[in-house]
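Notes to accompany the following structure.
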């Protein structure tokens, strides 16, 4: 199996602006995720952030990216439409996309889903338990029946997403809600995974089980289909003899 | 059951510009479809076209539309983005959408799908046979095992669409291709049906079986879910007592 | 719309054997459900129970049944295999099936699903909240964002079912679990809905929202597809001229 | 990645009874498939046939099988129900199942699907073209846009199967029909792939593209999920403190 090239994208603003976040992620959430992934076999990892030129997502970077992970929150609107279109085109051409937490409201996720991606929320540091509801899926490899997070922001249903190909995790929250916290879709030749945990004020991306899920998702999302099937529009000739028109 | 309010939308250019099309649809394809639907019980039908102000799709018209049908081809790019966003918002809020034939490349369909909606095509007036593969679906009511069209434009796979909720029809073409010619999705509170036939140079919208499918789809796509469930984003209070934070 | 003929099936043992159950359902759970349905327009309702001849499910009864609801628990094994096969054949031919609560372990549900239909459970009368996650589905008509049940038996994930066509409800339980409490499938020409609530020691089938869901499900599950499409095996002749074999 | 243990199962009657079949598969179709798979890296292959004791599918063999492929036709009824139940239990516990051609009417496939698995058919050696409709799926790896088979038995829609998780191939037949020729499902912890080609009187299992699909399917179907998540029924204790009952 060849190396999977991962680009870990982060808005990277909260970590610079809020001490509470900086203390948990001094180098940014992207570095917490990337540091973990770099230790895993078969992965080549780089990072990119909003304030880099072209948000760090040049044509060259995307061409060399097999799987892109995305965390954004306060600055979704600052992501340029041109870059969003570029990312979408690359996904349709086979790049995997892993959307984390508040990335549900990113332009790229909403573009891929076609829905509002709205949800209910509150931030009172309540307990969350992510139940594995699809233990045959490779994203669950190495997990037990659930992941427990002592303190999280809450996301509640209804979550305005298209019918997922597969629901992998359903969360229970102490305050009384549930949420489809892990779900997959395919779009074009690209695989997409949404994963709910990751609020910036909690050390979610230091949790070994959360990191394992991200690693599993990266391996799952890397393209492994038919490179020779062209999905672009084209005029084609008949493959069979056709009767002469009257 | 209350009346279903249908708006039949048409680009309405070919019928004005090409004699071959005008001779088949002197008042436009929208009038052929609307005339049929007006004869069916429980439907209130209006039309709208590209060259009307706001493409005939004002806030008021959309608010009074339960199901919108869409035919476009040469002028997809002329549909204003603002109107596309308005239609998308209305779909997510519960309006049904029925996309016909070359509407696969319309802005609204691509926005709802998140994919390129590309396909293979040719126009040699070959035979098409649409097989019913999901006879439990209400869109198939009244049909036999297949619909045969003696002369059609061909659309071939791969069709770059998200996994449909349901595939209803699969077409066979004399030239050697197949196509998922009828498929459904839901987005937000809206139901979507794509239906392949409808090339402007053939009398497809005079075919009783094709018209029956459109009628069935209109009835299926009208909202019948929970009006009281709010899918917008909102901050909510806990429903359960939570332990005091340390 | 023609009348929907409903047969409400019940094991009807607990109500005869346990005073706690009898006090809630003196005539059996089937009568509580049937009494409600009989008051709704367009439904013709009968009941059938395990200890009747052929479990009340003769060929004649099934032929006259559009939708069958099923509640069983302690005596799944007493349902004759011949009757199960008969019910399965009728479902594939277009009868709807609504499986309630402990019916998840009935022979008919396991036959239709092909899985173990196993789940986690406990009975400590805890609170359940069924969240509507699919408000576009007609089964949710008339509901608010959730149904709250003060005291229920708990069912927890993983629930060993095939990927549902649609998940309608996800439950939150006070003890910490979640569950896909409402889900749909199609099999042959039949529509199937599983609905979790309904433990015999709680007055679940006196709850107006629960009864509304059952009514909605009955209307949804009644066959409305293509009667003329034959799904049986058959040898067929070519529809096109074929080249003579060499 | 560890070795995938494959068991290639075959009814192995036609090859002994009909010269036309024997000439194509002198050692049986299972040996044609197994010989190919044995040459591929990371696979350990054995075979089993109907007339062996326990059909070659003892508890020991199944325990050591990661993926089972199945070809049967004339003797479906001779497969013992006890063995079918054993295979089903092993699938639900994580064994992959690949069902080939006339295996659509096998007991095991019908048990896993819950439907009749009926279809239309004829045998006039017509041309088939299997179109790849899901090029992101690993089963399509290495394929072009379609596989062409000059002479095949025809299978036509409607195919009475549950909504597949994914449709991979759709076939075009010269005689005018279409068919969902490759489709996937999951059941319990097991992955299932149905693949249409494989009529015994044609050298289908000598076709490199067909063999490649089977190899891809074997790799895809091997369990890669969570071994630690228990899907059996169990009574569980609350994970949260519950209020004392009144």
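Think of it as A, B, C and D in the order they're written, each chain with its own count starting at 1.
The rule we apply is simple: contacts are C-beta pairs under 8 Å (C-beta built on N, C-alpha and C of every residue); 3 or more make two chains touch, one makes a residue touch a chain.
Predicted model only: the values in this text are computed from it and were never measured.
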Reference chain D; chain at largest CA-centroid distance: B
Same-residue or different-residue interface between chain A and chain B, half as cut-off: same
Distance between the centres, which are taken as Cα means, of chain D and chain A, whole angstrom: 32
Where chain C and chain D are represented by their mean Cα positions, the distance between them in whole Å: 30
Chain centre separation in whole Å, for chain C relative to chain A (CA means): 36
Shared-contact residues (touching 2 or more other chains) in chain C: 129, 132, 134-135, 145, 156, 158, 163, 165-166, 174, 176-177, 186, 188, 229-231, 239-240
Chain C residues within the chain B interface of the complex: 1, 94, 129, 132, 134-138, 140-145, 165-166, 174, 186, 188-191, 223-226, 228-231, 239-240
Interfacial residue positions of chain C with respect to chain D in the complex: 88, 92, 105, 111-116, 118-122, 124-126, 154, 156, 158, 160, 162-163, 165, 174-177, 185-188, 229-240, 242-243, 245
Touching residues on chain B, where the partner in the complex is chain D: 129, 131-135, 145, 156-159, 163, 166-167, 170-173, 176-178, 180
